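For reference, the structures are reproduced in the following blocks.
Below, chain A partners chain B and then partners chain C, in two separate complexes.
And then the complex of A and B:
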């Protein structure tokens, strides 16, 4: 006979046994398992040769107390340099193919190649030609200048850097380098009162903050897991890389560097921003662990897996299909309504001005204080669902009055300077704000799923953007003060 | 999203899938759970068996959510569940709970524990813990290519004898011995092979506590297959297991009738489904 009542009684009896057994119970069980495992492996495993392997020598450098960190920075620098230098030309090609008037003519002109006149059409041109005879001009403009053009910018700005960055990142991941990063940075996490495995979740955040937040499940301690979740946003995700890269390139061009130096400077700027994000992660973790989430860092074991020869074909497949196209598709899905909204906002007037202009004017004072402008802030609001579309949205907002803009050579920088009146301060503030602002919609949702707490979700969403606004205002004020002094 | 793409529910699959021809009577495919320490190539085994391309990464903790895939073997459809990689099933971290709950409550027809041939000793602990929960275990000793390169020599027959469960050495990256693994899984599923797990005896001073607890468990859940493991968990103060006994969830899994308690809701085969409705894989 058993009933709920009996069950309750029996469980209470077991509880009494539990109290007698004491707290050493688990340790003793685990010890008995370890002993058994040891005795079995002693019998069945023999090891013939232990030699100084390639692994061991690589680890000597990669996890060396002094060499480890420079080695890591070097790898980081190489990754970004390859990404930026490699993405430049395909980006220009895609922009020419998809959007520029005259198609690829401008792109090939850079290489002193003249292409036949019948090829002087981009997809954008062709769409206009194809629809001009039968479609309502406003509808055609809505579809082509609004939605298609935003999509075009998303693809040409995002696809090339992602297609280069993701395979390199996956390569490092498959090789087994990520746990070494955690190993090297462990002391810093210890000092910040955070969990060393946070380094792994931060690495995943490089790819996508939502994935980084989910990865925080590997951290056992709830306190440290929460710290890792709340600070993951300080890692620049792939959705934000294109913005950083575009602005970093603008920076280098603005400074008037020669071609060879542009990619190098841009890569250095990207690394500086990434490292700044790491600094913010440690500082925030430290503050959180001293205030809202008090506690000591817990001990953990970290396995340094053997280096494995990466399966190159599979890496290319997974990084291009699962990661690059996945994120690109998400950006496109968000870009369509965003493009539509921008077009409508730019073409519907209230009074003498378009809705977009009203909004931009409204945001302009705060934008100015932050060293940015109203259009950039509006772009950040429109891009809450996905950070990927920030640069395309800024561009679309700048060119809203003249969508038939003529692109030649460095189209992006022309827009920034001629339409946006950017200065060095704009670029710096934008870089900072790109690092410090609210997580994207997907990440916010993931934070909620992982923490199951509205309070922490709101904190995790608002805290970075408040910090970002504060930092930008301070930087802009200081910049202006210093500039006025000279 | 849990039913999109290649990942699907079993019913979904055999209604639409062209290649799942010979299903067992009743139309259910066999369910196989894949457990293992982080970084043992568990996801690689998963990919090699299912032909899926679940992302694998060389760092501990890559798979934090479950992934599902299918394969066919000898005219039977097998549903393979890739559990998060864990070092144990004893702690309260989310990934360990997902793995443990699935092995216990998901009632897979067979659980494959993937272990790293180069770190057998450490990896066996998880195998013991799984063997405590269910006898239907196959040990997949993966990365034998790497072990050979590093000069390890493993007597697999002796290992099998000592553990009392089928042991299959594999190199999943090279798709080596996967057929043997599938055969062993089939044998355990059909009952052709009945593993008799040789689990470490409890330490002497704990034996008393366990001996007291076992009859108590027997009284409320007669014939519970993983009674000793449940005893461990209760003595340790595992609230999840306690609740499962209280609600009758555990008893029902073991097919034990509860006369006077309200009929518990049918056990959810996916205890973590509610927790992660949207994650199938970790992109990026």
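And then the complex of A and C:
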């Protein structure tokens, strides 16, 4: 008998058995495997019969029908408060060290400490002094005022909040709290026709939208996966947190609160924006599942793993090396060409005005309608590759006239008010537009890689920014109408 | 001079555009007519299975074509020797039957995939499968079959043809012909027209649902399904096929589902409902929801849309519609 005949006989037999076995076959295999595993574990594992373990008590609060949501919001508020309150001083220190004229003198003056005069130089001052004797003045300005200064702003604005936020967030992740958030918010996802695991991808989006989009692979229904991908941008990623935090701080200083209240107000503003993003996620998910991506929420299973003792060293490693430094490095890589572009745009003239001025003037009408200005819009366009550099770019555009301003304690606020003529409306519109605008370049690329569809990539990139422009215009018009009425 | 060049370039671009559009339209037309041909074969195969005769007029009606278009289509089918005429009835040739069966197999496997693996709602899978069925190779079809675990029927209960081109034929009866007070299992719900299919499934009637006809009037049937009585118009009842419910199905009906188990109660898993197939069934099995396992309700989410159950030492959250797919027997505390 030939082997081909053998094979055919075997295959025929398999076919016959398959028909006899019926649909219960798989169930029986799994059941027998579990039974055997269970009998082994029963022999070797002893379990405590305590009704109220630590896990059970924590879960009682964390997933309580009434207490669960306030508990979650409280945790979120605490995270942001610690981030904002803690980031203030290191930020001022870094700004003093890297960029301010007179170095750290201004920083220490706040604490009534006088430092010796030979230390009254920042890295920025030193670079100018070091290059003044031999380098062409224009080249030095290009390298120092253009590239170095943008880098300096990126580091001093971004590093401290990230170095605090990421470890706290990684701690929550490590504890096993994130699945509980998904469990608590399940009713909202079900109502909006989305997958329950979208909560997890949204949490990832807090870290980085590109990571959040990739995380959508855990959703197995293609329709719900697409919804999760398209709405992930409404979660404020870490690249945008510094912008939100800087503007929120500006906001509370502008309102004239005392120091103690500033961090608290700023934290509340950040939470409000984050929650607004969550609201937008649910509303757009709902609209998408009623229109373009019709369908009902599908079934899913969510494991609520036992709480784990956090591994502190690993948290610090992953949050500082994998996340903070990774994102900072990416921001710096983008900041170098952006800084160069800004310097060139500000120093190359067409007619009597610089290229930057032309662009800003061109964008000014739309900017005004949205409650912003041309410089902010230009900053958003320059920052498409990485959202991290929005605030530094705005600052660079404001101080583009090459006459450096004296930086003191409230340098940021001075720039915003004196150079940018900011009002409360500017701050509100900027917060809204920071929440609702196109995803960054990396995220757009990731959306394309995950969906393999140009159509959805274009849709996912354009619909948030169109929504943002519309929302800003409506808010600005209402604000001005109300303001003129009083 | 440069103006003439510019005009020439513009004209050339316009010409190229026209050619591109023409080619696109031609391709689309070819694709459509190919799909139409295949749809006709598929319809003829199902009609033969149901032992119905097909005239050019019934074919036109089924494919939503005008009489002339239908006749042109039949001409094309004849010229490729896929069908022959016998009196006024269309009969498939062996070749036509083969192609029709292949398409039917692809269609029903795709439906199975969309329902089991892609979690698409039952009333949308037919339309999507209609579009996707035309460009699968033999290899792709058998790969899909293997991936799905060689299913016997599609989610509506229609049998899936075997690779050898056989359609498993199980005895089935129209619901409107079924005797009163005699428990029946739904084995098939006709997926066309989509609108009546939707009206039936909205009532909670699905393939493998257990029902009893309580009362039949001129126009409606009164049906008992689980705890509810449903008034079903006879026109809808003619798209439902049933067979006699076996003891196991009747027994199954008497079990409580996990969704009905009160908070902080224990139960023993009986089984997972037959309707829950594919990915969701595998997922539940993987998590240890197997017959005989002990399950405890522990947490309820805000809004009670989901509950967390402890099974084999792990805590797993399930939504209500999933928990209602699991038959259980409560263990008294």
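The rule is simple: the second predicted complex is superposed on the first by the 433 of 486 C-alpha atoms of A that agree within 3 Å, B and C clash if a C-alpha of one lies under 4 Å from a C-alpha of the other, contacts with A are read in each partner's own complex, and residues count from 1 in each chain.
One rule holds for everything that comes next: a residue touches a chain if its C-beta (ideal position, glycine included) is under 8 Å from a C-beta of that chain, and two chains touch if they have at least 3 such contacts.
As the structure is a computational prediction, the values presented were derived from the model and not from experiment.
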| item | value |
| --- | --- |
| Touching partner for A:482 - first (chain B), second (chain C), both, neither | neither |
| Partner, of chain C and chain B, that touches more residues belonging to chain A | B |
| Chain B versus chain C as contact partner of A:187, first or second or both or neither | second |
| Partner chain(s) touched by A:43 [first = chain B, second = chain C, both, neither] | first |
| Which of chain B and chain C A:196 touches, first, second, both or neither | second |
| Chain B versus chain C as contact partner of A:317, first or second or both or neither | first |
| Partner chain(s) touched by A:350 [first = chain B, second = chain C, both, neither] | neither |
| First, second, both or neither for A:117, with chain B first and chain C second | neither |
| Partner chain(s) touched by A:300 [first = chain B, second = chain C, both, neither] | second |
| Partner chain(s) touched by A:66 [first = chain B, second = chain C, both, neither] | second |
| Touching both chain C and chain B, counted on chain A across the two superposed complexes | 18, 26, 30-31, 34-35, 38, 47, 179, 220, 301-303, 305-306 |
| Residues of chain B touching chain A in the complex | 38-39, 53, 55-61, 64-65, 84, 87-88, 90-95, 118, 120-122, 124-125, 128-129, 146, 150-156, 158-159, 162-163, 173, 200-203, 205-206, 209, 212-213, 216-217, 219-222, 232, 234-237, 242, 245-246, 248, 251, 258-262, 276, 278-279, 281-284 |
| Complex contacts: residues of chain A adjacent to chain C | 18, 23, 26-27, 30-31, 34-35, 38, 47, 56, 59, 63-66, 68-69, 179, 182-184, 186-188, 190, 196, 220-224, 294-306 |
| Chain A-facing residues of chain C, complex | 117-121, 124, 149-150, 152, 271-272, 274, 277, 279-288, 290-293, 298-306, 308, 312-319, 321-322, 325 |
| Residues of chain A that touch chain B when the two form their complex | 1-4, 6-8, 10-11, 13-14, 17-18, 20-21, 25-26, 28-38, 40-41, 43-51, 53, 166, 170, 173-179, 197, 200, 204, 207-208, 211, 214-215, 217-220, 238, 301-303, 305-308, 311, 314, 317-318, 321-323, 326-327, 449 |
